[in-house]
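Each structure below appears as structure tokens.
Next, two complexes with chain A in common: one pairs it with chain B, the other with chain C.
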Partner chain A sequence: MLSLEQISTRICAAIAGARIETVPNASPSAQASLLIDNEHAREIAAFLRDDRELQFDYASNVTGVDWPEKTVKVKTKTKKVIDGVEKEVEELVEQKTPAFLEAVYHLYSMVRGGGPLILRLRTGNRTDHAVLPSLTPVWRSCEFQEREIYDLFGVTFEGHPDLRRILMWDGFEDHPMRKDYQPVAEEETKP
Partner chain B sequence: MKTDSPEDLARQGVVLTTVEGLYNWGRKNSLWPLQFGLACCAIEMIAASMARFDIARFGAEVFRPSPRQADLMIVSGTVTKKMAPQVVRLYNQMPEPKYVIAMGACAISGGPFRDGYNVLKGIDLYIPVDIYIPGCPPRPEALLDGLIALQKKITAQHLTGPGRPRHLDSRAAGEFPVPEFGAHDLVGPTLPKAEVS
Partner chain C sequence: MIATPEIQTARTRGIANHELLEVSMGPHHPSTHGVFRMNVLLDGEVIVKLTPVFGYLHRNHEKIAEKNSYLSAIPYTDRLDYICSMTNNWAYVLSVEKLAGIAVPERAEYIRVITAELTRLFNHACLAGFLLQDMGALGTPLMYAFREREKILDLFESLTGSRMMCNYLRFGGCRCDLPDGWLKQAAGVLAAFSPFLDQFEALLDENEILHARSEGVGVLPRELAINAGVTGPGLRASGVNYDVRKVDHYGIYDRFPFRVPLGEHGDVLDRYMVRILEMRESIKILDQALREIAPGPIIDPKAKLRNLRPKAGEAYGRIEGPKGELGFYLISDGGPTPYRFRVRPPSLINLTVLEDMCIGHSISDVVIILGSVDIVLGEVDR
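This part shows the complex of A and B:
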């Protein structure tokens, strides 16, 4: 299998305007992934499947991730003029990362034997822009798993042929795998 | 010849019994379970029905594929909230007299999934349970022990009076309300928690 950088440049050469970012993984597995933009996602997916050098013909797993809003304090060194003398001062700056939902695709190539290639798609936010393009038209195996993400995380997949809840019942309104989900309070039992 | 005790009569080839005794003897030795399993406990239930443990020794080997012909519901495994209405409906479709065994931690209380979003916190919220078998999953011997406990319970039932079985009590509830799917949880009246003696 080609390296992530090679795959990334190959995609960018073939699809004009595709924005691809490599997401590093700090864990021992160091399994980095590609974050692709939503506008070109289906084009990129079709390219990954059909390209002679890549041929990722099998999406084995699709899963969702909920990323709540994060504030990270980062130490930054800034130069400040204090009492007429320029000094380097360390400051704690809060960096806010807005909340979003993510769909993660694990791709393999049955023909070439490569994989997994990990694709990530991110929504704009967790409320009114929880929309992603469906990759079911490219890989049929995504159908049920995208339905599961729709059910448990509340991501709407545009272009999905049959987007319904798959585990919970139709009238259910919550998304239980979201981090802010509160289960129904248990009634107090007799002592 | 003095023949005052039933044992003496039995030696002479005469069997005396009460209607109640005969009725309960028949019922307890032909408890036909409903053929349905929900999770891993069902595998132990199947093992209990096969040759090694052989539930047929206790007259309960005839697993019926229809609730109309079943006397006993073995709730063998995790009852998800999505499955609960179907379990209650199957119970309602069984003819009286009928009994329920809650097999394993999940059927009793939700077990390891109690804090989850999708598992019922015990089937006894919606249908009356006669025997609780703890375990995760209980071994086939435990199921057989539960079945014997149920047989003892049936033997001790009087056909008249305040403790009589539900099917002989015209005022007792015949059907139990089937819970419905709500926006956040199952909706519907639940039974009061059984007082475990």
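This part shows the complex of A and C:
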């Protein structure tokens, strides 16, 4: 299998305007992933499936991840003038990471035997822009799994042929896999 | 008479020019092997549309695991595919081992192969029994299969203390060593399995009813099987040579020379035959493993079980389960519980193409096609 850098240059060469970022993975598994932009996502997916060098014909695992807003305290060094002398001062600055939902796709190639290539798609936020392009038109195997993300995480997939709840019942309102989900007493919610 | 959009399309496409009937099959239909429902739209007896309905057994396994420690998720994985707890354990501990970088001693690898292949044996035997039960061979094949399964469950009981919910594997190895005489007992069970399979095949392979009911039924074309992410025997029956044991060489599977049986037509008969042949290969693997297993440590002494806090990162580990590719995707944020815990359930994803396989066949064939997919609802609904 080609390396992640080779794959991303190959994609960028074939699809004009595609924005790809490598997401590192510090764990011993060393499975780094590619963050792709939503506008070109389906084009990139079709390219990965059909390109002769890559042929990722099999989307194995598709899942969602919830990343709520986090405040991280970061130490920053700034130069300040104190009593007429310039000094370097360490300050704790609170940084807010924006909240988003993520869809993760694990791709393999049955023909060539490569993988996993991990794709990530990110929504604009967790509320009114929780929309991603569906990759079901490229890989049928995403059909139920994207429905599951829609059901449990609340990501709307544009272009999905049959986007309905899959595990929870119709009429259920919340999304149980979100980190801020508050369970309600069972008797109140059951149809 | 209901005038759903499907009926309208079916009419305009000329499929139906009389009334269609919508039938809800399940969730308490005996052929669904659990609580699974299919809404089928029938033209006479022929399927026009089939919509699977899930969720009757949903308990949000993933959320439960995200609230508990890494170790305490192991017994929950037993309940996914409750027939094959050993392989579920393996897929999960493999992912944690990838995430935390834990090595496994050789004896533990052998024990894992032995328990996983024993699981595959009785899973396939029971599937064949259930499939024939669905075709009308009431009792006999299933009871023969269950007789063999009982012997293997006895082995599991003496090893783990539990017949079905084994909770046996641990990060970096296994929970306890094999009891005295276990290997001999296992060799005895295995020696009886080959004659059982011979008898099973002699009874059934040329059986006219089996052929009449399964040949050309529920055909799954190769390209669709790949695109729809079908894995396991169902994929190989469609002629795709893809076995995670061969592709990933996880554990010590590269030490075992075994063949991957492939089908030609992708129909129910091929899916049945692929499983029979896979059992033969599993017997070969088991023979070799029982011969080669050597004394040694069964768990990595440095592996931390309680309070495991893997470094922040993620890992996807997968194995060839009896039903297909079983994977676990874990994200750690450095804390004592997984930040994200995801099961890739082969049973659910293999159902993606159920409708494609059923359309145009009669309602009695749906039972057989579903039976040949091999699902367990504990894993489909999670």
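The criterion applied here is as follows: the second predicted complex is superposed on the first by the 184 of 191 C-alpha atoms of A that agree within 3 Å, B and C clash if a C-alpha of one lies under 4 Å from a C-alpha of the other, contacts with A are read in each partner's own complex, and residues count from 1 in each chain.
In the analysis below, a contact is a pair of C-beta atoms (placed from the backbone, for glycine too) under 8 Å apart; a residue touches a chain by one contact, two chains touch by 3 or more.
Keep in mind that what you see is a predicted model, and the values were worked out from it rather than measured.
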item	value
Chain B versus chain C as contact partner of A:S8, first or second or both or neither	neither
Which partner reaches more residues of chain A (counting touched residues only), chain B or chain C	C
Touching partner for A:T156 - first (chain B), second (chain C), both, neither	neither
Touched partner set for A:V184, first chain B, second chain C, both or neither	first
Which superposed partner A:L167 touches (first chain B, second chain C, both, neither)	both
Which superposed partner A:P176 touches (first chain B, second chain C, both, neither)	both
Chain B and chain C footprints on chain A, overlapping residues	167-169, 176, 181
List of chain C residues in touch with chain A within their complex	54-55, 58, 60, 62-63, 98-101, 224, 226-231, 240, 242, 247, 310-318, 325, 327, 329, 331-332, 340, 342, 344, 348-349, 351-353, 381-382
Residue ranges of chain A in contact with chain B within the complex	167-174, 176, 181, 183-184, 186, 189-190
Contact footprint of chain C on chain A as seen in their complex	25-29, 31, 57-61, 63, 65, 104, 106, 110, 113, 116, 118, 139-145, 152, 166-169, 176-177, 181
Residue ranges of chain B touching chain A (in the complex, touch as defined)	82, 115-118, 121, 181-185, 193
